[in-house]
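Note that chain A is present in both complexes that follow, paired respectively with chain B and with chain C.
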Partner chain A sequence: MTDVPVLQVDELSVSLSGRQVLDHVTFDVRGGEFTGLIGSNGVGKTTLLRTILGLQRPDSGRVLVSGTPLSPRSRSLGYVPQKIVVDPDVPMRARDFVALGLDAHRYGLTRRSPPQRELVEQILHDVDAERFADHRLGSLSGGEQQRVFIAHALISRPKLLLLDEPLANLDPRSVQEIVALLHRVARGYGVAILLSAHEMNALLPVMDRIVYLTGGRAASGTTDEVIRSDVLSQLYGHHVDVLQLHGRVLVVAEPGQDNQDIPQHPTLTLG
Partner chain B sequence: MHVVFEFGFFTSAPVRTALIIGAVTAMVSAVVGVFVVVRGQSFAGHALTDVATTGGSAAFFFGWSPLLGFIGGGVIGAGAMDLIGVERERRRDLATGIVLGTALGLAALFLYLDTTKGATTGATQQLLFGSIFTVDPSTVPLVLGLSTLALAIVVMINRPLLLSSLSAELTRARGINVRGVGVLFMIAMAVSVGLSSIAVGSILSTALLIGPAAASVRLTKSLRASLIVAGVLGVATTWLGILFAYDSFYWVPSSQGLPVSFFIVSLIFIAYLMSGLPLVRRRFDRPRANSVGASNASTEVLKAVS
Partner chain C sequence: MFSGFMVNAWEVGTMVAIVGGVVGFFVVLRGSAFPAHAIPNGAFAGAAGANLLAINPLIGLGVFSFGAALGIGALSRRGRSDAVTALALVMMLALGAAFVSLSTQYEPQIFSLLFGEILGVSSSDLLPVVALGAVCIVAVAMLYRPLLLTSIAPDIAAARGLRPQRFEIAFLIVIACATTMTVPVVGALLIFTLMLGPSAAAQCFTNRAGRAMAGSVAIALVTIWLALACAYESNWPVGFYVSVFSATWYGIGRGYAEWHTRRQVRAAGDSRRSIALTN
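Moving on to the complex of A and B:
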């Protein structure tokens, strides 16, 4: 593994229709690391991921993938977008969607070679999707679909996998399964993971690093370095407490603080 | 009591032309139609048939080939829909509706002019509902050429098209020009609609585009199987429709044949209804995935890392 981080986000600023969403955001993701991109809804996580992918133009700053600027056609990034709604009537098996990860960008007819078909089987096995590989994609549960989307993104062997809120709308058991699965494939495939979530607790056991996003600004480092009262208070611009409770982390603002990024009620978690 | 294959069915030149044109256009419609159904663009497909009506009725008025009018109208309509924003999901229905309304208004004008010019309502009947027995055999090569064009477009873009139907964002992230792929597909759709307009009429070409495809996606689990089933259904219903229409000459005392498009569209509808029956059975057959084993394994991993 080289010393060059697989992803460098350097002083990145992005505006959407005149509103500044990201303000000089800087962080690195190193090869094979599991990084959680944590922030409440609407804080700019999707915009950040889209800018990394080259789908959104930054005002200033730059994104380097393995030390070089990302070209639009680069496939060194795997991506699982937030919303893929598949109609149950679409005639496509889970296996077909995974195979599309290999050659969706190719034009014309090509026959998938035996090694390619083996690769599809292998990756279906690696994400525990064999049981429903021949079912229609649209008939699968949310957790099952996430496995298929992850397999689709992984099959081209990217160095970095970006996942936009893959745990949203999943039941608690599926959340645990998907987190464990991502941790396993990150190790097994040597792929770095940058995963956005509005709730960090499910990720605490597996996160190597955290990028905490609020008000357009980010703090990054290990969980112990970032999820601290002084660091987050500075990021929020007012005092917040970080509470540890049965291995869970709660970020709590003082009642009466007028900040939309943080819950007013102390029993709510922010993460 | 007369036999189904009435003497002369296969030796009649208009029937032979009809069988060839019917098969080719049904095949193209079925293939394009499967993607239309997968992309959820049935409404856009129907709007293209209305724009094709405008083109066909204008071509008739100016004395041009109705086929080129159908296709030209469709392509112009596809372009207009793209400009208004057919690819942006929220604006898609809006763009379609605006183009459809405008096109039908123009079609009303041209159809009025067509009927007053020739002092006949035959033009309206022919343009809207088709007249496959009166197609000039000299247009067969043109039909074959245009069919090849539409199929070639779909074959070329099939994978980017499929992925962009499921997630435009994911497709863009892979460096694929989603809008370009969408425009190419709209052109293939316009050509396909124009071709089936001469078989079943411009208004009814929706049926040939959507019907076999809608039935096939209920019956199959993979895209390739859907394309094959849709093609077979399209050709079978078209040929049967032609046969029934030819025979219908002897069914009623007036010795007046009934319109081909009526039979084709009815057969497609029956095929669609029947496709629902195995679907129900298969839905019940489908075993629900049991994820208990995987869950235990994942919990082990979680314990190991924490």
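Moving on to the complex of A and C:
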């Protein structure tokens, strides 16, 4: 029981409109671990997360959550999508949206109990969102909304939290804040995290494992196991070098090789 | 003003306003204004058809508005929902025009279907209106929380096993139900304003969903009561007054929201564009 991973992705292949996006992707996420899903734009990160959630049907392979296939009603997975646009006119406070995480699946009108309301307060505190808890959801900045969506997902106590590019569009300081926050809540709530990103350096201090996605295929393991020249060269199908510099990692292709699908551009990484 | 057929008018009008406010809250929240406009227009064709066959117009209204709701819902899965809605709207209006031209009815009857004739409501109309209204309110109360989440963040809802498509169809059916009961009263062209104006106005005054819905009902009630009184005095169509008052509330609401934001910004001493209504 203790050793069953919260998530097993087993030989998963997915095509969209006849084009194969994921090709026999296999990896596990164990309880409480922080896993980074790293890949460049268009490589299939969102597709992979949506397939895990049961929103996209795979061609073959399977997804097990705590050892069993995901049932549609299960709430053992929390999800923060890549893009959520909330109209500023929507009459809903950040606090109310978090509370919806508790009971959005309930039909009928029920009053929220005092312990439930305390839970909302507690979680708003944990994600550091008290400051704007009474503001309209649609009026918050991207980084502020991110915290509210994380709180909404966490409040139903999932075993695994899937976050799709939560760090895109954030400035470097907010990136650090959100990463630290996720690290903290993952520990505090005992929730495993699978977070997609196109840049891995911000995640290096907190990542237990990495799933590196390119050309539809994935390599997974600890950062030291995966971010190596031989492993990545095999994945890319051509030679790439891995440079370590001031605690940061840089993947570069040889001159003349196409390095467009390398998830972080050298000039950006060194900047 | 408070006797005879006017008693029916007040009762039916009150029910229509409550349903318009409750359903309208979600119409505005979901951005469903277009289907909320198309379905009643389709229903008009149904009523015209029922006239032609000399059956109860409520049956024609019901069949056509549910048909429109299901059709728009089903076709929106495949194509662009605005295009589908527009085509459904036009098709049904065309059908309505054909029915009207075949009909030997004299014009006022058609006019009242389009623009409403609450003052001609008979006591036999009362029961279906109240029954359908109750169905709408119970349905919205049942769907309240899942519908909130699917309206605001459909992807998150889908990941929790709430299928946004199904809720879209369920909600279109609620609109159809509301349409069936309200079209004979305020008319096909104008019922839409009762769902839209009060709710859109209410959402300017509060940042809490429950209060916005309650406010939307309250504003709709005031709207229809005022409209009834004015129509009684002036003999102009009820729908005219409903539209004018609804639009006015929305104007006031927007003005309030602007003023409130500016005051907040000044109070906060910064230039953030957050709307932080704190009531």
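By definition in this document, the second predicted complex is superposed on the first by the 257 of 271 C-alpha atoms of A that agree within 3 Å, B and C clash if a C-alpha of one lies under 4 Å from a C-alpha of the other, contacts with A are read in each partner's own complex, and residues count from 1 in each chain.
By definition in this document, a residue touches a chain if its C-beta (ideal position, glycine included) is under 8 Å from a C-beta of that chain, and two chains touch if they have at least 3 such contacts.
What you see is a predicted model; the values in this text were computed from it and never measured.
Once chain A is used to superpose the two complexes, chain B occupies space that clashes with chain C.
Look at A:L53: by the touch rule set out above, it reaches both chain B and chain C.
When both complexes are overlaid on chain A, the residue A:G143 reaches chain B alone and has no touch with chain C. Contacts of A:H246 after superposition on the shared chain: neither chain B nor chain C is touched.
In the superposed model, A:R19 lies in contact with neither chain B nor chain C. Contacts of A:H135 after superposition: both chain B and chain C are touched.
Judged by the number of chain A residues each one touches, B leads among chain B and chain C. In the superposition on chain A, A:F97 contacts both chain B and chain C.
When the two structures are aligned on the shared chain, A:A180 is found in touch with chain B, with no touch to chain C.
In the superposition on chain A, chain A positions 53, 55, 72-75, 77, 79-81, 84, 86-87, 89-93, 96-97, 100, 103-109, 132, 134-137, 139-140 are in contact with chain B in one complex as well as with chain C in the other. Considering their complex, residues 53-55, 71-75, 77, 79-81, 83-84, 86-87, 89-93, 96-97, 100, 103-109, 128, 131-132, 134-137, 139-141, 143-144, 173, 176-177, 179-181, 183-184, 205-206 of chain A touch chain B.
Against chain A, in their complex, chain C makes its touches with residues 29, 31, 141-146, 148-149, 152-153, 155-162, 202-204, 206-209, 211-212, 273-278.
Of all the residues in chain A, the ones that touch chain C in their complex are 53, 55, 72-75, 77, 79-81, 84, 86-93, 96-97, 100, 103-109, 132, 134-137, 139-140, 149, 152-153, 162. Across the complex, chain A is touched by residues 34, 37-38, 40, 155-160, 162-163, 165-167, 169-176, 216-218, 220-223, 225-226, 286, 289-291, 294-295, 297-299, 301-302, 305-306 of chain B.
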